[in-house]
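Which chain is which? They are A, B, C, D, E and F, in the order written, and residues in each are numbered from 1.
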Amino acid sequence: MPTTALTRSGSRAADQLRPIRITRHYTMHAEGAVLIEFGNTRVLCTASVEEKVPPHKRGSGEGWVTAEYGMLPRATHTRSDREAARGKQSGRTQEIQRLIGRSLRAVFDLKLLGERTIQIDCDVIQADGGTRTAAITGAWVAAQDAIATLLAAGKIAASPITGAVAAVSVGIVRGTPLLDLEYVEDVACDTDMNVVMTGAGHYVEVQGTAEGAAFSRSEMDQLLSLAEKGIAELVLLQQESLRN
Amino acid sequence: MPTTALTRSGSRAADQLRPIRITRHYTMHAEGAVLIEFGNTRVLCTASVEEKVPPHKRGSGEGWVTAEYGMLPRATHTRSDREAARGKQSGRTQEIQRLIGRSLRAVFDLKLLGERTIQIDCDVIQADGGTRTAAITGAWVAAQDAIATLLAAGKIAASPITGAVAAVSVGIVRGTPLLDLEYVEDVACDTDMNVVMTGAGHYVEVQGTAEGAAFSRSEMDQLLSLAEKGIAELVLLQQESLRN
Amino acid sequence: MPTTALTRSGSRAADQLRPIRITRHYTMHAEGAVLIEFGNTRVLCTASVEEKVPPHKRGSGEGWVTAEYGMLPRATHTRSDREAARGKQSGRTQEIQRLIGRSLRAVFDLKLLGERTIQIDCDVIQADGGTRTAAITGAWVAAQDAIATLLAAGKIAASPITGAVAAVSVGIVRGTPLLDLEYVEDVACDTDMNVVMTGAGHYVEVQGTAEGAAFSRSEMDQLLSLAEKGIAELVLLQQESLRN
Amino acid sequence: MPTTALTRSGSRAADQLRPIRITRHYTMHAEGAVLIEFGNTRVLCTASVEEKVPPHKRGSGEGWVTAEYGMLPRATHTRSDREAARGKQSGRTQEIQRLIGRSLRAVFDLKLLGERTIQIDCDVIQADGGTRTAAITGAWVAAQDAIATLLAAGKIAASPITGAVAAVSVGIVRGTPLLDLEYVEDVACDTDMNVVMTGAGHYVEVQGTAEGAAFSRSEMDQLLSLAEKGIAELVLLQQESLRN
Amino acid sequence: MPTTALTRSGSRAADQLRPIRITRHYTMHAEGAVLIEFGNTRVLCTASVEEKVPPHKRGSGEGWVTAEYGMLPRATHTRSDREAARGKQSGRTQEIQRLIGRSLRAVFDLKLLGERTIQIDCDVIQADGGTRTAAITGAWVAAQDAIATLLAAGKIAASPITGAVAAVSVGIVRGTPLLDLEYVEDVACDTDMNVVMTGAGHYVEVQGTAEGAAFSRSEMDQLLSLAEKGIAELVLLQQESLRN
Amino acid sequence: MPTTALTRSGSRAADQLRPIRITRHYTMHAEGAVLIEFGNTRVLCTASVEEKVPPHKRGSGEGWVTAEYGMLPRATHTRSDREAARGKQSGRTQEIQRLIGRSLRAVFDLKLLGERTIQIDCDVIQADGGTRTAAITGAWVAAQDAIATLLAAGKIAASPITGAVAAVSVGIVRGTPLLDLEYVEDVACDTDMNVVMTGAGHYVEVQGTAEGAAFSRSEMDQLLSLAEKGIAELVLLQQESLRN
């Protein structure tokens, strides 16, 4: 591994998150509407309550939580095609929205939700790496606000949310394990891992990919530890934002 | 016509615009990136420079200006389907993006632009009526910023923008002609007209639709005068925002 | 403005319609089936009665009127792609069919129609400018015939059609306001306006577009007057065709 | 087989074609534009010359002949969905347009055509059985007219059309073999066969389908003889129409 | 006709089928699952029982039999695009699956089947000519197995299958009529005919196409006789496979 | 954790792979064509050499390796829709084919491959859990065969394959970590992980998902060890199959 120190933007330490900002009630129509910022990455996460469920849940007494993900065409450095104009969502988009949906469902008791759907929409306003992890982290806060409206309206008696969930990316750049990669680091990294964990410190999803060289078990262990640290901090920030 | 006074939100006068806010450089990647607010309506307008033109302009020495329009699923009171997920843009979306494109081209000298494209993207973050008129008004400011980068880079010698363009909606609600309709007014109105004008006070587009009863020539005249007043104010606000 | 007189085909005056021909019962299956000709522009307009309504009208006791528009691939000078083969309707097609639908609904009392749909189909057999205005004008006659079958069958007691509707294009070509543009005039014009009016002389739709230079209020006034004259004549021709 | 005589509309004999009408130059833009009528079935067949070939013929020195087929929504008794609106052509449509294309190519010397395409469009204005056979028969006349324009313009020295091609349907209805089925006969028939033959009396396509009971070799023989008779008559009518 | 003998692979006679192999229970989930081989052509035919019918049969008391056809991308000499990735089935695919469905329905009493669907899937694992005829021949065996499961489960009292159905291709290659064309023969042939017949020797479908020169009545007669011979042999092989 | 022993089919031990069978040259057209079986899961993996590259590699001197994945409709217990008929690939399909492509590219030197593409197609003939891991493991063998044809033809001088890659699933079922889950185990498991490793024992992809309860770091460690054992065995089986 190289000995030259790697300099991160804003003189961030290797195990340090970017400045995180969580703005609730960012828009006025959705039951939950959160703008989450991981540094320059900005994702608008809305949670909508719909009093119906998809076919596979009809009559089950259970609800559903699902997510869609999109990127504004000029959220990125060079403009990307508008998926609505192209007429289909890319494989990457589908992968991400499936991940967000599974992550949220991991902390939902669908029985307690009743036959309704929490529809999460995560739209990237500005991208600088880590859009999917910001989306999961922000979506959970938006979901909390949406559930609060249901509790306030007396539609459910107890919250179906069983705990927190948050996500962060980790990766190895020129031999150094880094927490919360921004775009230039993401492009340069050999290994890229997205980790989703509960507030209780258990894994919901681990998705590691060797972009360059394959990675060893010990590298994997370092990355998992970094992610654990980052997610613990994110969960505190989520809680704090809900207290305001 | 009814004599009972119609009360508008924020005690607006019938011929008064909503509070308008134009925020330039709202995102960091696009050459022009403007958040425009007409009251609660918020539209992000980006202008991207692409060094290529569509087939019908190749080899012509002329450039092109085109626009796409989208609405975040929860920009509206009840969630609307994500067009990317549905696999096609609605007729309404296509109508609006064609209108934005034509409006901007009306004040562009495509010869001076050279063989490149200004790609406008208007994405509605929050909708409360008038999204297409806000989009046109904001897109023009974004286009100015994009052209400024081309001028600064020495890629073009003179601005291809021949003047300002802005747009506003007008309508007749319970007999009263109103300027700049917000959503509840739009729903209630008998006649709805979108007017696009240049800074010089000429018409680029006039689209009037009788939602309820057909309208008379004299009603039309009143609406055109209201729109003229509103657009003159919008053009001043555009200029002011460019001075900052 | 130029002083050289502009010569129109067939020595038409500037404020003169092309020869208009309305042929009812042009095909045998549809409840209403009208071939309308504005000079060389020929549009087949059928009106079909369907004993069902779209979801947003179910259970409302009201009916619906909607329209689709198409152009045969070789209706135009150079062949255009078949939309069915391409797999989607163009933005232009959608814009036009939405316009036809709104125009017809403006003279329908949907309550009196009952829970059924009048489905209008306007298919351009030959195009020479003004296809959308011919389509609206012919569709209204086809709708009358379709309603007559419902009245004859005793399915409705009174006609839901509250009045006539017709449409014409107007434009400014080399400084001269012209009524009912044919293709070569449409291509040459600076300003193009489609006007839809009721038999009572009120506006249903006004769609004006500056193709070249933006237009002034006084030009607009001239165009509106021209359109008013043309539509009054079209309404007479509609009435006459229904008497035969 | 039943002994009760089967009565056809217009007191047609079992081996008699419906009244056939071929109208050339039906529309003004296409190089060939033929309205063909087999009784109440009316198909507009246009042949367009395009100075390009599909990828598999590029650089081959050979041309191509291809066809598209469509049915106006209300060409039929009950309205059928518009394929452009549905976003795809049905299997039936594709089957028919492939058949028309193969049939025409059977009498084209693609070498003599040179690297250009004859694009056939067959659009059914009114359907009463036999639309595909009318389409093939009319398309051949339209193709002749299109080739004539190429010859007249000196673009080709000799006609690439090597002979006539025409088509007719035959079927067995309640035990009786019938020529040129109209809709009510088509619905009632046990066996339905579409036959395409050259002017020289050879087969280009034979497509027989048992709609009800499977058919015997002797029934097949009767049907083939009937078709042969009908096609010989159609070829004479094609020739006659070209002389006018 | 040429006098030089035509040599077929494996020293097949002109009127000889390729080696036919029918393997039942080829996969474990489907009610019927047959791998059929016509020489090197290998098609997996599954028959699935679904306890529902398409809309046009609902409430009719009758069932339905339908088919889908696919080709693995590398079943052919050069890879063909995956239809699922391209987003639509080709015209050829639709033509074939419609043919398979009609052929099977010809030997089904839909009343006896009851309101359920036999869904046939024919997937080509390896192609060497005659995939559609192998598919029909194998699908019938798979359908028998599927019906056997319904009989065994007591869901139906009597088999709705009224007889056998099988298919073979025939063609004229350099003047010689050949039975059961393999790929190189198919490419070389002037006339190509697919024949579907019942076990009782009646025609269900006859689809003959002149690929090169049009064919005469006497050639057609020879081809039909060849097909009859081949199908009689295929029906015996079907019966034999069901006895094992 | 429960103390009752969990019984696997075929009395498999918790850390034992299902019987693995690798059949090369399963079909005749593809450069590499491998049927791989993990117990009852059967996937046909073909590798096709195409002498072209996608746009992003043109002119780079480098090749590309990509994959598509499909499931025959009745590969599963209940029939799933045919993606080609539905007109799009599911999110799951896209996720899997992206994973296969990345996994193969991890062991390819694209420079040595030259400007050509290795197109992998993985089609599931029969599914019983672990289709994506079988696909990766089989695709690598097929890729070896395809590369061998390039070496034999002298098109490349050295193999671009830098090492082996194989994949296996692991999961925790009722508290017991299991290797190589079959379908019933997959359905029952709380945690499901797919691991892709090189022959040298490094990670290429790790994708773990908590289907039920979130999982702990120690559970994750056990799963990774199990996977490492299984992949080492798979790599030996791959090598062995290549020696035959």
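Quick notes on this structure:
To be clear about the criterion, a residue touches a chain if its C-beta (ideal position, glycine included) is under 8 Å from a C-beta of that chain, and two chains touch if they have at least 3 such contacts.
Every value quoted in this text rests on a predicted model; they were computed, and no experiment measured them.
Under the contact definition, chain B and chain E share no contacting chain.
Chains that count as touching both chain D and chain E, per the definition above, do not exist in this structure.
In terms of the distance between Cα centroids, chain A is separated most widely from D. Comparing the CA-atom centres of all chains against that of chain C, the greatest distance is found for F. Work out the mean CA point of chain A and of chain D, and you get 59 Å between them. Centroids built from CA atoms put chain F at 51 Å from chain B. If you average the CA atoms of chain C and of chain D, the two centres end up 33 Å from each other. Counting partner chains per residue, chain F has residues 87-88 touching two or more of them.
Read around the assembly ring beginning with chain B and moving next to chain C, the chains appear as B, C, D, E, F, A. For chain B in complex with chain A, the residues that touch the partner chain are 27-30, 33, 40, 42, 44, 46, 48, 50, 68, 70, 72-77, 79, 82-85, 87-89, 93, 119, 121, 123, 125-127. Listed in rising order, the residues of chain D touching chain E in the complex are 88, 91-92, 94-95, 97-98, 102, 106, 193, 197-198, 200, 202-210, 213-217, 220, 224, 228.
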